[in-house]
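Given below, in the form of structure tokens, are the structures.
One chain, subunit A, appears in both complexes that follow, with subunit B as partner in the first and subunit C in the second.
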Partner chain A sequence: MRPSLFLRVVATEARVHLAYRADFWIQSVLGVAAQVALAYFVWQAMFRESGATRIGGFDLTGMAVYYLVVVLLAKLVLGPEHAGRVSQDVYEGGLNRYLVFPTSYFLFKYAQSLGALLPAVVQLALLALAAPLVLASPEGVAITPGGAAMAAVSVGAANLLYFAMSFPVQCVAFWAENVWSLAVALRLAAGLLGGLLLPLAVFPEGVRAILAWLPFRFLFDEPVRVLLGQVAFLDWLEGLGLALAWTGAVLLGGRLVWRRGVLGYGGVGI
Partner chain B sequence: MIRADRLSKTFRVPRKAPGLRAALKGLVRPDLVEKRAVREVSFSVEEGEIVGLLGANGAGKTTLTKMLAGIVHPTAGDASVLGFRPWERDDRFRRQIALVMGQKAQLWWDLPAADGYLLLKEIYGIPADRYRRTIDALAEALGVVRELEIPIRRLSLGERMKMELIAALLHGPRVVFLDEPTIGLDLAAQRAIREFLLAYREENRPAVLLTSHYMEDIQRLCERILILRDGELVYDGSFKRVVERYAHTKVVSAHLRRDAPPPTAATVASLGASFDAEAWVVRRRVPRGEVAEAASALLATLPVADLSIEEEDVGAIVARILTARAEEAS
Partner chain C sequence: MVRYLRLYLCFVRFSFTKALQFRLDFFFRVAMDAVWYAVNLGFFGVLYAHTSLLGGWTESQAFVFAAGVFLADALHMTVFANNMWWLPIFVNRGDLDYHLVRPVSSLFFLSTRDFAANSLLNVVLAAGILAVTLGRYPDPLPAERVVLYLALLLAGVLIQYSLHLLFLIPVFWTHSAHGLRELYYAFERFAGRPHGVYGGLLRRILVSILPFSLIASYPTRALFEGFSPSLVLHVVGVAAASLVVVSIAWRLGLRAYASASS
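== the complex of A and B ==
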């Protein structure tokens, strides 16, 4: 796919998503606020009941900062739930139009998913501006321009990795009549094993050793720690290389599933 | 330009028996049955030809179109479109074809057509000056210049279809697949689209495969038709010959003046007609050679405000052909 086409798809999709302004503001204000507040109150109770001052290396303020950052970054990694749904194209016959276009379906959908992120980018910018006003900078957190740039690259890699992971899951629609539960399972697994629902630092040592061998940590834990200044440059490079290697492997698997699925595609919906 | 050689497609579809027990069994071992949608169909379409594809619902028209457009893989047989095997989806092939689906929007619902066209310009790599010229010409020809910047979802069905046609023809395809391009449109929009397609054919000479349920579409656009029955090609030849042989009658409709009293049952019976009290219309089906005589009789006998003469429904003609073929076969 030519870069100009890729950018045009991103821009077109962004326009589509910005058309729904009410949805945009409800998601930006209520969605993020509810998630962070919920996490904050749960952890506040846990700190109070346990009497501990630190859990998994975080004090209560550190935990709040972690959740604020991870919730915001997760919007960029996961994208809107309804964006770029391959299964919808398969079920409703929307895939027909893409199969006739002289371009890569995978890249087209990826460009669409990036375009759908634009509202989240604006939300992130707005909330990032407001964050220092309500949160004190906790111990062990150092957000620098360099760290932010590194984190931006990590978030980009995480977004591609998650899209590559969800692509074969969505392609199951070629065989199954509903892939919604599979998609939810992937989102839950990614959230739990990647550090969105809980910081990986609070998991037991043995579990963390296993998670280190899986790709999920590159989705949330790694970008958040990079942004908070907890990852050295060489370690970041190594993590990025591993994340990209995982992405390549998942893409290969996805390509096989896609090729097999499209062979049996009936083009319903016309 | 289009060649199909014993093209076949069989789908495996799940069969679901009623009841909870069957549903539980289906979870473990789904009961799949084979459905033969297209059976060994062979034909060809040349440059500049518009060929009508007819058949009852479920006859395999859309599946055949989708195979030739590269969307669906055949189970057996072969096809060549512009020298390419469609389902291999070579970009050089896809740059030269277009598919219009009357029941499925191709453009982006929330955006104005102009935005969608810009995207298509990039997809097909259309040079800027050619793109501008083509848009201007197509929008002018279809009378939708002012609607280009209105979101698709706010357009009427007819305007939307015109936008879809522009989208399909923007890159100057050499092969066009049209699946019900006038479905649901009012008469004026249908006519505009037919005129446009004829003009486009004259100027660009594409090979066109057209599926439509409207007799008028087929009559005005196609000299040749293909008729499918249960996935099999049962007729490939001149449309005129089909009409001469199978469309024996026309319907003459007299739209009566509303201020006049309704015709008596005896009058209607004497004319060999029927009266539709809701539409306030008297209709008479007559042999093709007796249309003028029947129209005169209606005009002389009834308070007629308007008179129309309609061809038989294409579905009825196709049904008659299919019945005749079935009888010949038996």
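== the complex of A and C ==
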């Protein structure tokens, strides 16, 4: 796929997703505030009732910063739920036109999903500017320009990894009438196992050892810790390499599912 | 009343016929909810590895509460959720016209016509988890308390339906419900945590203006603390009041409905 076409698809999709401005503000202010407040109250109760001053290496302020960052970054990693859905193309027969396009369907869909991220990028920028005004920098957190640049790369890798994970799930649409339940199940599992629901540092030791072997930690936990300055440069490089290796492996699996699906695709939708 | 009951039975019959044609979707739904249950139980499991109490509840109590949340959600998903999904689409496309001319309450029709038969197994699954968590609860729980708990949980489902609809009705004016739908889902998460964790003004809001804590937290309180007239009145009163508010908001929305698609 030509880079100019890729960028044009990104720009078109971004315009579509910025069209509803009321939705944008509702999600960026109230939606994020609700999620962070929920986590804050749960952890406030945890610290109060357990009597602990640190849990999983975080004090209460550190935990609040973790959740603010992870909620915002998760929007960039996961993207809007219905952006560029493969299943929709299969159900409505819209896949036909993509099959005759002289370009990669996967890259086209990925460009669409990147364009759909623009509102989240603006939200992140706005809230990142406001955050230092309301939150004190807790102990063990050091956000630097270098760390932010490393985190940006990690978020990019995480976004690609999640897109690669979702692709085979969406391709199940070739055989099943409705795959949104599977997509939601993936989101839920990734949320818990990747560090969106809870920082992975608070999991018991045995569970953390298992999670270290899975790709989910590269979705949320790794980019957040990189941004908060808790990952050294060499560890970051190693993590990035592993995340990309996982992405390659998942893409390979997705390609197999896609090929089998397209072979049986009738082109009429349902 | 009998006419409505007969109509509802038709909806249910039709939904089962439809669900049996899409068998994989049936199992995918079960899988999705099973993952959601596991994620929530895992969430509480991890938290209780660091504390013995959360929001004033022990781990066994929190698991009973979580199971109550599952059951209320499964009922909501089965009876109302599909209809809530379609409502903004009908309003935007102007498809509401077909339903407004029918000789039954449009609110009843549009809230219940799509019974999710494929979610019914999730009700069984959630009820099973509730039975297990109640069975494993270390102290004896009198039967009348369990009955009261289940009755309040049903009132909680009505509150959940009312709140969901109240977040969607503005689509008559805004023409896009996406942001509000997302906002509802964000607020709905407050129902999934024990009410005792909230403090200050939010604690009061969650039992009055946005009564998400009444869906499962208050019924669970009734189960562990015993019969309290004020608590029962609170839950039942808010359920009744929220239904009245929904009906008023619905009528106002219909007045603003222009029928044209956008």
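For the reader, a short list of remarks on this structure follows.
The rule is simple: the second predicted complex is superposed on the first by the 268 of 270 C-alpha atoms of A that agree within 3 Å, B and C clash if a C-alpha of one lies under 4 Å from a C-alpha of the other, contacts with A are read in each partner's own complex, and residues count from 1 in each chain.
By our rule, contacts are C-beta pairs under 8 Å (C-beta built on N, C-alpha and C of every residue); 3 or more make two chains touch, one makes a residue touch a chain.
This one's a predicted model, so the numbers in the text were calculated from it and none came from an experiment.
Legend: residue contacts after superposition of the two complexes on their common chain; A:Leu214 is shown touching neither subunit B nor subunit C.
Legend: residue contacts after superposition of the two complexes on their common chain; A:Ser4 is shown touching subunit B, with no touch to subunit C. Judged by the touch definition given at the top, the superposed model places A:Ala176 against subunit C, while subunit B stays out of reach. Once the two structures are superposed, subunit B and subunit C can be ranked by residues of subunit A touched, with C on top. Using the contact criterion defined above for the overlaid structures, shared-chain residue A:Val184 touches subunit C, although it does not reach subunit B.
Look at A:Phe101: by the touch rule set out above, it reaches subunit B but stays clear of subunit C. Look at A:Ala37: by the touch rule set out above, it reaches subunit C but stays clear of subunit B.
Subunit A has no residue lying at the interface with subunit B in one structure and with subunit C in the other. Subunit C makes touch with subunit A in their complex at residues 22, 24-25, 28-29, 31-32, 35-36, 39, 42-43, 46-47, 49-56, 174, 176, 178-180, 182-183, 186-187, 189-190, 193, 196-199, 202.
Subunit A meets subunit B in the complex at residues 2, 4-5, 8-9, 12, 15-16, 19, 93, 95-97, 99-103, 262-267, 269-270. Subunit B contributes residues 11, 62-63, 65-66, 69-73, 89, 91-92, 94-95, 97-99, 101, 103-104, 106, 108, 110-111, 115-116, 118-119, 122-125, 179 to its touches with subunit A in the complex. Only residues 20, 22-27, 30-31, 34-35, 37-38, 41-42, 44-46, 49-50, 52, 55-56, 175-179, 181-182, 184-185, 188-189, 191-192, 197-198, 202-204, 207 of subunit A touch subunit C when the two sit together in their complex.
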